[in-house]
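Down below are the structures I want you to see.
You will see two complexes here that share chain A, one where it goes with chain B and one where it goes with chain C.
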Partner chain A sequence: MSFPSNRLRSPSTAAALGLAAAIMLVPANLLPVLTTEMPGNNRTDTIFSGVVELWREGLWAIALVVFVASILIPILKLVGLALLLLGARRGAGGDARRLTRLYAALDFIGRWSMLDVFLAAFLAGLVQFGEFSTVTPRGGIVAFAAAVVLTVLATEAFDPRLLWRETPVPSDSP
Partner chain B sequence: MNPPPAPKVSRVPAFPLIWVVPVVALAIGGWMGFRELRNRGPEITIDFADGSGVEAGRTVLEYKGVWAGTVESVQLKSGLDGVTLRLRLDRNAAALANEGSQFWIVHPEIGFSGVRGLETLVTGVRLNVLPGSGPPARHFTGLDKTPVPTVADGGRTFILRSGQLGSLTTGAPVFYREFKVGRVESSRLADDSTAVLIRIHIDAPYVDLVRTSTRFWNTGGFSFKLSLFGAELKDTSLESLITGGIAFATPDDAPLAPVAPDEAGFTLADEGEKEWLKWSPHIPIKSPESVMGAPPRPSLLR
Partner chain C sequence: MSVEPVLTCRFCGQAHRPVPLPAGQKARCVRCDSVLARGARLGREAPLVFSLTGLVLAAPAALLPFMSAGKFGAERTSRLFTGVDSLWSGGMPALGALVFLCGGLLPLFLLAALAILHARGRSARPGAVGRFLFRAAHVLEHWAIPEVQVLAVLVALMKLGSLVTVTIGPGFWFYAAMALSLLMAQHSFNLDLGAPQLEAGEEPADPT
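So, the complex of A and B:
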């Protein structure tokens, strides 16, 4: 993957996209992502209430996977990105190697973080038994997808070579 | 040709366009949150003596057969004398949460006078509501059983006093000349417990049949009389045979007695006298169509 224009590839872009992703994470976690309607079971879930429900049903492994993939990792990725940006700004110095590994990890995780979106899309497509049972995606899943995409773009916009500069650079230098 | 004008050099550093993205994200996120909050109706709590079948997140409140809210949590009251349900209403259903609103849990009911709530066998119980007309309220006490469905048809109710309830259940028919003109709404013991008070409802077209001199009697069940002169089996319709029933007759006095007012009281005889059956006053009844447009009674339920 490469960012469309090298001119846009700057810590400033990464910070702006990361901030946008952080903003989108708020509705993604607070708003419902999925409504399921079955006879005797109508429910509207946010990501977190879905995790709680899975846990209560005894599906601990799945609950853990969803919690890690959908709540923990998006937040950790943004925290990691913030560390990278700070490192690039101050000059990473001795931390350069560790921060570069962090960058590689973030880049790798990016493509695996659409789990919830795929789940909602699959469920909505598969579970449409007319009047009997329907699954409807809700606004939260859109916000979640936006947050994931923005995080991936922000990671892409960050140039890890900045970590290896000798002298600190102002954040807006191209 | 003129030379092009000298370029202007701006001293203000250009605002990096990429920062529009978080601003847009903020706007979209804010709008989503606002829309969600706006669609959210009020939250109410209802106390019930018994909450069997109610499940958080699954049991819904319906009004006029459509979804109006969902139970969000079910909790035992601290005194263990009941349960408290917390509901989130639909925004459009906010007017259901008024003082005087009555909530009850619909269980399947199968009785001689009909089958109700049968679909709840499959879907689980649900809540129903009869909205009150008071100011908005947030806390309610639910009814133990389904309130009597009173039809706002311009009919009249009367109170009958009887020594025994007999087999008169809610919904039992009230006959005039063995023609069904009303039904039993409810019954209770008199305050001094010396009698049973039975509230009956006469449908709008037939209210004029009930005069102040009208006699009511119980036609419930059947009785079998054995005497020196033979056996006599008394029964009325099959329906009243099962559920019990009430019949009435009005004496054909020369000037008819005045029409009985709403809520008038009468005595319910254990059985009708032969003479009553001969009464045949000419009383014009309203055609059922003419009362259809009658304004609804001010209070739906008492």
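So, the complex of A and C:
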């Protein structure tokens, strides 16, 4: 519904965007996303090492939030999208309602993956104290942002009505 | 000649005849059980009120100090778009533009679109402007995400605790209130109620 035009919505478009997102997730998770420079303590973190560092510092709740938003949700979205595409191709049949719920969930959670992008932008703007303390975003965050944008576009390119083509249409509601 | 309004489920395409909903009740699709619409719990004018409130709050959110950080006597104050500026000048203009759009500009567009749509009323023949605004609002729903930026700032606050001394500025509170207003406006608007006429006759693409 939210894709600019229904003409652009097709399983092949969704699959292509999903595949591109999966490819972008590799550099997003391997390349550093942030460098923190402090006197005697310079750190360069990937997404995962940033989560581990938060956990070590005792910030478990924050570590969990970042882990879910930046690592778990992108993977869940791609796995979910693959299930939806398989359902649309083979015919969802009795699973149509369950797959529709999955689509609605993917549609809702996708936005939260942008957390790390906003976090990097905010830290880069605030922590600029020259030799005392500086935070600099690195290339991994660009790859991560691209992966997030592609996963959102992939979900929007999938038309959930395809799951219901083989299901009988009930009479109109009162 | 009057046009019979039709409410089409955005998930399965099932057509329904709209009926007035009591406050707090939900209408569900007879086919896929998705929520089609919600009865106005806060009154019929709630979407307009929340949209206009969000638009008013956006100005101080953008102009007032968002956060201040201090380290060894040095202090730095950031505003809403300081991070965008840093990314842009730091060689990441695409990332800066994405943050600017999702956290700043698109929420404003969505608030304005919701306010205009509500003020124009829901007509069976929405017209070219109405159709454009409905489509725009549907697209913007996924990209206007100030609530994620609010969560990111809260995460940053916790993370920065050991690094620098941080003080929250009034701009952040205005921004958080703007994000809440947008969520409330979206929740109370029932965007799908206006969409059926736009999608009439459109069929899903074949899986290939």
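We adopt the following convention: the second predicted complex is superposed on the first by the 165 of 174 C-alpha atoms of A that agree within 3 Å, B and C clash if a C-alpha of one lies under 4 Å from a C-alpha of the other, contacts with A are read in each partner's own complex, and residues count from 1 in each chain.
FYI, a contact is a pair of C-beta atoms (placed from the backbone, for glycine too) under 8 Å apart; a residue touches a chain by one contact, two chains touch by 3 or more.
What you see is a predicted model, and the numbers here were worked out from it, not measured in a lab.
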Taking the superposition as given, does A:Leu106 touch the first partner, chain B, the second, chain C, both, or neither? neither
Which partner, chain B or chain C, touches the larger number of chain A residues? C
Once the structures are superposed on A, label A:Arg43 by its partner contacts, choosing first (chain B), second (chain C), both or neither. first
Name the contact category of A:Leu31: first (chain B only), second (chain C only), both, or neither. first
For A:Arg89 in the superposed arrangement: first (chain B), second (chain C), both or neither? second
Contacts for A:Ala20 in the overlay, against chain B (first) and chain C (second): which applies, first, second, both or neither? first
Which superposed partner A:Leu81 touches (first chain B, second chain C, both, neither): neither
After lining up the shared chain so the two structures overlap, which partner does A:Val152 touch, if you call chain B first and chain C second: first, second, both or neither? second
Report for A:Val117: first if it touches chain B alone, second if chain C alone, otherwise both or neither. second
Which partner does A:Ala143 reach: the first (chain B), the second (chain C), both, or neither? first
Footprint overlap on chain A, comparing chain B with chain C: 12, 172
Would you pull the chain A residues touching chain C in the complex into a rising list? 1-4, 6-7, 9-12, 36, 38, 54, 57, 59, 62, 65-66, 85, 88-89, 96-97, 100, 103-104, 107, 110-112, 114-130, 132-133, 136-137, 141-142, 145, 149, 152, 156, 159-165, 167, 169-174
Interface with chain A, chain B side, in the complex: residues 16, 18-19, 21-22, 24-26, 28-29, 32-33, 35-36, 57-58, 60, 67, 70, 122-124
Under the touch definition given earlier, write down the residues of chain A that touch chain B in their complex. 8, 12-13, 16-17, 19-21, 23-24, 26-27, 30-32, 39-43, 139, 143, 146, 150, 172
Name, in rising order, each residue of chain C that touches chain A in their complex. 10-17, 19, 27, 29-34, 67, 69, 71-72, 74, 76, 78, 82-87, 90, 92, 94-96, 98-99, 102-103, 135, 138-139, 141-143, 145, 148-149, 151-153, 155-156, 158-160, 162-164, 166, 192, 195, 199, 202, 204-208
